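These notes open a run of structures that come right after.
You will see chain A twice below: alongside chain B first, and alongside chain C after that.
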Partner chain A sequence: MKATFPHLLHLDVALGFLYSSLGIDVVYPPPITKKTIDIGVKLAPQNACFPLKVTLGNFIESIEKGADTLFMAGGVGPCRFGYYAQIQRIILEDLGYQVRFVLLDHPRYGWIPFLQALRAMSGRVLSPLRLKRTVSLAWKILRFTEDLEAQRRALRCRVVDKDLLDNVIDGAIDRLRSVSSEAEFERIKREAEEAINALELHEAQKLLRVGIVGEVYVAQEKRINFNVEKLLGDLGVYVHNSVSTVEYVLHTLPFTKSKEKLEAWQMAKPYLRRFVGGEGIDSVGSTIRYAKQGFDGVVHLYPFTCMPEIVAKSVLTRVKEDFNLPILHLAIDEHSGEAGLITRVEAFVDVLERRKMNSKEKVEVW
Partner chain B sequence: MKKVGLPRGLLFYRFYFLWKTFLEELGFEVVVSPPTNKEVVHWGLTNSVDEICFPVKVFLGHVFSLIDRVDFLFLPRMVSFHKNEYNCPKILGLPDIVRNLFRYPDENLLDSEVNMRDRGVRGWLQGYLEIGRKLGKSERETMRALSLAEEKHRSFREQVRSGLLPEVLIDGKKPFPSFPEKVLLLGHPYLVSDSYINMNLVQKLADLGFSVFTSEMLPEKDIRKALKLVPKISFWTISNEILGTALHFIRNRGEGVQGLIHLVSFECGPDSLVGEVIERVLKREREELPYLRLEIDEHTGEAGVVTRLEAFVDMIRWRRREVESNFSSPFAS
Partner chain C sequence: MELYLGVDVGSVTTKFVLMDARKNIVASCYLKTSGDPIAALKEGLKYIKAHFPPQGEIKAVGTTGSARHLAGVVVGADIIKNEITAHAVAALTRVPEVRTVFEIGGQDSKLIIIRDGVVEDFAMNTICAAGTGSFLEHQAVRLNIPIEEFGKLALQAKQAVRIAGRCTVFAESDMIHKQQLGFGKAEIIKGLCEALVRNFMNNLATGKRIEDPIVFQGGVAANQGIVQAFRDFFGGKKKIIVPPEHGVMGAWGAAILAMEYAPARTAFQGFEVIEKSFKNFSFNCLDCPNSCEVVVLEEEGEVKALWGSRCGKWTPRSVTQKFKEDLSFVLEREVAFSDETQSSGR
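Entry: the complex of A and B
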């Protein structure tokens, strides 16, 4: 069995470690490129959401590299994600690929397939203790990659040498790919933290602060969203992203509760009272949280035609007014152009700067 | 008498008789927005965010037309009316969309949650009881109104099953003529039943000599039986009905169905995936069955629809001739 899985930012680092430790041969999906997107767009239904197309592209590129087993997650709706695997399977079948789909679907669709998938994804039987250690280290790796990205976002606006920042963080992520033990992981972590702390920073000053909300895939995957975070950071904006894979997994698992998400849901309540699938309610809640924390603006990222996010967008029109908070909505799909996106982000930052200046002037007059 | 507004859109075409009877039995005057027209669409377009699908925009136009004329807006949050299934996220969030876009006061919005996903009939009852409470009615009064309403609903569903379209029953329109040749018209009831949105599609087909058969005309048990053929059914009730009906007719052509039209609104999330399943199954199993996917939004031109319909009908007739010409004729050899 040569297994593969779709990309989600640095998920491949953690999953690659997990599966190979469990004795499963892993075929890493090639990085998302224009080719990946082209393959997905050509084969997937035209009006399907963009992540379905990109992940389909991942699958096909991995199959061509020799993968014969695909790991995928399912779901129970109402967002379309839970039905991706069904569509992708039928497309791959029609193309004549002989691959095995291991679908980890909600036990609602039957405990037997759920347990079978879990078993296939956990490889050779290990002792429970070793299994626990492996999973927990994989989880730590995932958390750390996200932590590194958070640091990159927060520091980009202040660091003197931006290339050095990228080198430090990309280097650390690269080294994580070859981790084999807990001690090694701790060493990489410590060294990365030291390198980050050693970076030279500009004097702290009043910076613009922008929060990112939206659908989990598009708001995170920078190879899809034209690296909006970098764009903002280069313009001197402090960026915070409310979306993370760790949070996503935590909230999806029925027995865990993440405090931040629950808090965001509570904040969304006056505007959106009910879960509408995907990250719809999180987008609203996180926007309100950013507003309350005094952020200058919010960038809302989602795939074009994403149903939960369109509900969120409708609701956000009022949040925008009530909190006097500028929101830039960016719907991403295969037709999105980089130049247009850059122009819009730059214009947005201009607006934020002007607002900040005006508010200062007002204070001075009175 | 206090007035309750019922916007003519989305699930209206499914639950009109239920909702109307329920509210009237509780002692309210029901005000229904006028059939969709240019003005309603215009209001919808100006009052909604641009990316939302056309049927929701139209619905918001209907809401706008009612807002100043009624004391309450009836907008139950129809999360689910089938076990283990959902409606589309936009329907789930509809009351919030209306509340925020129109700044509609909370106390006048009847938006109790009707959710049969986990609790089945109890979820259904709970929703309506809550509406009753909000309107100041006792549990007994509400239950009585609901059971009368459900009776009306059942007889409406039976009439639809016998071949009458909802808009005929709701507005008392003249029924469309019935022809032996039929087209399977798949699509959400708000597209199939709103002849302004679908540009008089049913009438146009009738002019070409075809009647339509819709998923609401197929018994529920046939739909569910056909759905067993896919490894995992979707989690959207109406899309499942569409998928089940399509599969049923792909496997056993019946009712004189000559071809398939799938009416979808551009940006419809569920249909973008379910439609793909239908197309691929069709291609695998009955490639000869004529199929037309008609995508509709506010920019769709009527002339284009007519052209495509005519081509579709030509295709049906041409394919049939081709099949017939393959029989050995007495003059051959």
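Entry: the complex of A and C
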């Protein structure tokens, strides 16, 4: 069995470690490039969500590299994500690929298929203790890749040498790919933290702070969203992203809950009570949280035609007025033009800057 | 005399504004870009040079528009700003109490919401150009009317024909259908103007509170038919101001931003730029499947700037180095490039 899985930021680092430690041969999907997107766009239905197209591109590229078993997550709900795996399976069957599709659905929709999928994904039988250790280390790796990205977002606006920051973070993520033991992981983590702490920073001025909310895939996957985080960072903005795979997994698994998500859902209540699928409530709740934390603005990223996020977008119009918080909505798909996106992000930052200047002047007058 | 230069290179037109320290326009011009921004830039500089006041000195330069980065390198800009900010700044200078800005240019349209002298919100058309100048120009050609006459003719109409304006192509078929039914040109044009306004309001103004005074600027503001259609849309209840400088507001805004930025020494390249030779070419970097199209700008045979390299490995130095090391690299690309032009030219 040669297994593969779709990309989601640095998920491949953690999953690669997990599966290979479980004795499964892993075929890593090539990085998402224009070619990946072209393949997905060509084969998927035209009005399918953009993430479906990109992950389909991942699968095809992996199959060409020799993968024969595809691992994919699923779900059922107002969001179309539940259909992804089914549609992709049918497309691959129609194309004549002989592959096995292992779908990890929520146990709510049947414990037997859930356990069967888990069994397929756990490879050679390990002792329960080793299994636990492996899973917990994979989890730590995933968390740490997210921490590294969070550091990159937070420091980009202040660091003297931006290329050095990228080198340190990308280097650490690369080193994580070869981790084989807990001790090695801890060493890489310590060294990366030391390197980050050693970075030369500009004086902490009153920086603009922008939060990112939106759909779990598009809001995180930099290779799809034109790297809005970098764009903002280069304009001198401190960026925080409320979307995280760790929280998503915590909230989806049957026995765990994400505190962050529960908090966001609570905050969203005056505006949106009903689960609208996907990250609809999270987008609303996280925006309110950013407003309460005094952020200067919010960027809302979602795939074009994403139903839950369109609901969130309409609700956010009210939030925007009530909290006097500028929100930039960016719908992303294969037709998105980079020039227009850059212009809007730049203009958005100008808006935030001028608002901040203006409010300062007012305070001084009083 | 301290002067500030603002340049706005748009998809269809290129605008220059020369401004004094009191934000008064000393000279301005409005040219067709005609797909060659560098030629348009040179032509604009020639005009400004010819109208340059004696003892004038350029203290700062600002560029804006879709080719702002290119213009910034060619002319030498101290500040490179997006169109939205530039337009808002100019509107605020012209009409300080402005609360809404409509800007309709060749290929994009913008709506800017201003409250208490600060931009609060904005929207830009992203998926369709049906509400822009190109749409009108296309229909003008179709009706065989010079675009300059278009607006005037609309005002002569006694009634408007309702034309489906969501999509350029369907608007055209609907227009032909209405012509076949026997409606006059003036009525059809009025219908088109109303369709454009409906499209603008539907695309950009949804969920936004439009308060007056509204400043209407951009090339399309010259079209009286559209101005009237906007007035009709609001039932004459909102004050719409079309400033006489409506065509060059972006460039004016860029000049104002350059003045505010106040560099110690300007990056302006001087009027010698007119005499310099620039070459623009592109190659496809095939080092990874992203296959970025890298656009290179050469000044006098030297790589001055480049765009489009996603990973950032291509810098002016690395491109020059690559050219020196590997002549086949250039030739290969040129061959590939000419092949492409041939096949697309068929």
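Definition applied: the second predicted complex is superposed on the first by the 364 of 366 C-alpha atoms of A that agree within 3 Å, B and C clash if a C-alpha of one lies under 4 Å from a C-alpha of the other, contacts with A are read in each partner's own complex, and residues count from 1 in each chain.
Basically, contacts are C-beta pairs under 8 Å (C-beta built on N, C-alpha and C of every residue); 3 or more make two chains touch, one makes a residue touch a chain.
What you see is a predicted model; the values in this text were computed from it and never measured.
With chain A as the common reference, the superposed partners chain B and chain C fit together side by side. Put simply, the three-chain overlay gives an angle of 80° at chain A, taking C-alpha centres for chain B and chain C and rounding to the nearest 10. By the touch criterion stated above, A:6 is placed in contact with neither chain B nor chain C. Applying the stated contact rule after C-alpha superposition, one finds that A:317 touches each of chain B and chain C. Applying the stated contact rule after C-alpha superposition, one finds that A:51 touches neither chain B nor chain C.
Applying the stated contact rule after C-alpha superposition, one finds that A:29 touches neither chain B nor chain C.
In the superposed model, A:351 lies in contact with chain C only, and not with chain B.
Between chain B and chain C, more residues of chain A are touched by B. Within the superposed three-chain model, A:211 lies out of touch with both chain B and chain C [touch as defined at top].
Legend: residue contacts after superposition of the two complexes on their common chain; A:280 is shown touching chain B, with no touch to chain C. No C-alpha atom of chain B lies closer than 5 Å to any C-alpha atom of chain C in the overlay. Within chain A, the residues touching chain B in one complex and chain C in the other are 314, 317, 331.
Contact residues on chain A toward chain B in their complex (touch as defined above): 45-49, 74, 76-80, 82-83, 86-87, 89-91, 94, 105, 108-109, 271-278, 280, 304-308, 310-311, 313-315, 317-318, 331. Within the complex formed with chain A, the chain C residues making contact are 66, 81-85, 108, 116-122, 124, 126-127, 207, 288-291. Residues 30, 33-36, 314, 317, 326, 331, 335, 337, 339-340, 342-344, 346-348, 350-351, 354-355, 358 of chain A are the ones that touch chain C when the two sit in their complex.
Contact residues of chain B toward chain A in the complex are 48-49, 51-52, 77, 79, 84-90, 92-93, 95-97, 100-101, 103, 113, 230-232, 234-236, 266-273, 275-277, 280, 283-284.
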